[in-house]
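Going in written order, the chains are labelled A, B and C, and every chain counts its residues from 1.
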Amino acid sequence: MQKMTTMITAGLVSLSWSASLLAEDDFITLASTTSTENSGLFDAIIPTFTDATGIDVRVVAVGTGQAFEIARRGDADSLLVHDTAGEEQFVADGYATERQDVMYNDFVLVGPSDDPAGIRDSESAAEAFALIAESESPFASRGDDSGTNRAELRMWEDAGVTAHGEWYRELGSGMGQTLNTAAGMNAYTFTDRATWVAFENPQDLTLLFEGDEALFNQYGSLLLSTENNPHLKQDLANEWHKWLLSEEGQQAIADFEVNGQQLFFPNAK
Amino acid sequence: MAASDNPFYTALTMIMSMDQRLFDIVTLSLQVSLIAVLVASLLALPLGAALALWRFPGRNIVIVMLNALMGLPPVVAGLCVYLLLSRAGPLGHWGLLFTPSAMVVAQVILVLPIIAALTRQQVESLHQEYAEQLHSLGLSPLRMIPTLLWDARFGLLTVVLAGFGRASAEVGAVMIVGGNIDGVTRVMTTSIVLETSKGNLPLALGLGIILLSLVTLINALAHVVSEMAKRRLG
Amino acid sequence: MNAETTMCNDIAPLHFDQVRFEHRGHRLLMPTSVSFSGCRRTLIMGPNGAGKSLLMRLAHGLLRPSGGRIHWQGTPPVQAMVFQRPVLLRRSALDNLTYVLAVHRVPRALRKARALDALERFGLAALAKRPARVLSGGEQQRLALARAWLLNPSVLFLDEPTSALDPAAIKAVEDAVNAFHQQGTRIIMATHDLHQARRLADDVLFMYSGQVLEHSPAEHFFKAPQSPEADAFIRGELVW
């Protein structure tokens, strides 16, 4: 019996330990995308922000669709995603009071090095997508309603083709997982450049098409509204929002490099 | 294969370098899973024993449901806890989402049916052996519960370890309710998912090897202790 | 043994009134009416499967009859039962005894001394710290008797307690049974060992195939059994 009492006490003590983690209040929860997290951007810029303000940023990295949902339910204090149309709708719906451009990078098309669809020399992104559909070459799609997924769907639309058939594989996975699968299937896929450059398991995949303006990938920061969610730490979130747009924040983003390559280009107005 | 591509080499390097981040992740993993198993055991052991002793209408339904819940997908458990603890959910004002406590809650839900269902089986078979003697000694069913649990302790240790195995191995639930936040809710399994998605397969596998080693170590310890006790107590 | 008549008259008699028992459609005990009273050592005899264990379990209250009535004429006395294979808890011999005292709400301070005393009485003092489950069969049965002793029962049921023991251990158990009896405990014991019955019985209840065929004083039973089955049993022709 005494042993039992000791065990219970130990359990309660450890429970109160985990509760003590909650006591710390100088942090915000940021819902953001896997592309920013996987590339290592946050590891690089958040310490700079924390040093300057004493505020920690806890990143929950999910697809853009899920990030919106988390913010809508009031489970995040701040939002940094890449789906401009969706973001503007979010503001219009009253969930956010403000949206600002923060940075951009671009999407690229990667695929098997022998390029069976012959997209390497395409004039435009639309042409490259059309060639893939025409040749029915295997294509791995995120299929998870993320920002990248939404951008990819717009690409098919621009190319005037319906992406459908055995060659078109919707994975329902994050960017990294989709790259792993595409590498395994030796399929084409559409990815943001940051995740691609930081990705370490490309196997036979290689970068085949880049540079079209249509592939522009804009990231925006949203200041969330406290109207429905009065518990949000709006003051702290505002500091983060302002810092991202500030000179220091923009410089920190510009300074972030992987393999000597800059991945995000600050463009706050 | 270059040495850095070898997961065993990676695992060994990580352990040897005593990397602080790795240490934090391992500690958090163990804390979350051990607390979850402890809490689940405190509830499930008496529950399982009571279910073994107590005959009531609908008992078979409860047993079947409990057995079925052993197969509850972690993602579903995670989603339920997420909806419960989300600010928009009924317990949102506790502010527990994306904390280790939320991960503990999710794992308790996953582990509790396993421990309760297996405890029910163990105690029921022990009860068949003990029932007449305990009844003859004048024990009430309520008083039998701790006695049977204590005498089934070696078998129940395996049951609790099965629960711990489930808790430490699952990723679906802790990913959703913890959010895999670096330094706050990132545990071994969510790290493995993250590193896999970065395409850093040797590191992911290296973490997997460390996790497996830890679980093996804990199981071995429990095995040795219980074998020693068993040999002594017959 | 004069004590028995003076000390045990207070123990309530136990009556079986047309008691029967069925299990899954099989009638295991035919309607039976018997009584147990006084301070006698009643030996229930008969081949295996005759219903000896069943009768004792019904008497002790471990089973409910399918029909008929079992009742104590007066206050039901304190009872204990020693089984063919003792069920001991996975703890030390001493702890097995203090456990029973705890169940019966004996104050903590008194438990250890009383348990040690019982171990001493049954020749187990040296084994107090040993895990009960690693004791020999004879030691385990003595520990079960020590445990029953602590309950201070007025009626002690024993279900073939020596069937798996060697002669020395059998002797120890029989001595213990007599010790209980001298303390004023009514003994109801099942056995199929004729020699044991001759050594211990004050009266004999003979069962065969779910029926009580005889209930008579021991000297009558062994000299002049009433039924051909009992006669065959005594002559050793009906062992199983």
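The rule is simple: contacts are C-beta pairs under 8 Å (C-beta built on N, C-alpha and C of every residue); 3 or more make two chains touch, one makes a residue touch a chain.
If you want to know which protein each chain is, UniProt gives these names: A = Tungstate transport system substrate-binding protein; B = Tungstate transport system permease protein; C = Amino acid ABC transporter ATP-binding protein (PAAT family).
Small disclaimer: the values here were computed from a predicted structure and weren't measured.
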item: Co-neighbours of chain B and chain A - touch as defined; value: none
item: Most centrally placed chain - per-chain CA mean versus overall CA mean; value: B
item: Relative to chain B, chain with the most remote C-alpha centre; value: C
item: Rounded Å distance between chain A and chain B, as computed from the means of their C-alpha atoms; value: 32
item: Intercentroid distance (Cα basis), chain C paired with chain B, Å; value: 47
item: Whole-Å gap between the CA centroids of chain A and chain C; value: 78
item: Chain C partner contacts - residues on chain B that touch it in the complex; value: 129-130, 132-139, 143, 147, 150-151, 153, 232-234
item: Parts of chain B lying in touch with chain A, wherever the complex brings them together; value: 31-32, 34-35, 38-39, 42, 86-89, 92-93, 95-101, 104, 179-182, 184, 194, 196-201
item: Residues on chain C engaged by chain B in the complex (per definition of touch); value: 57, 60, 62, 79-81, 83, 86-87, 89-91, 99-100, 103-104, 131-134, 147, 151
item: Residues on chain A engaged by chain B in the complex (per definition of touch); value: 7-8, 10-11, 14-15, 17-19, 21-22, 29, 34, 37-38, 42-43, 58-62, 72-75, 174-177, 179-180, 183, 198-202, 229, 231
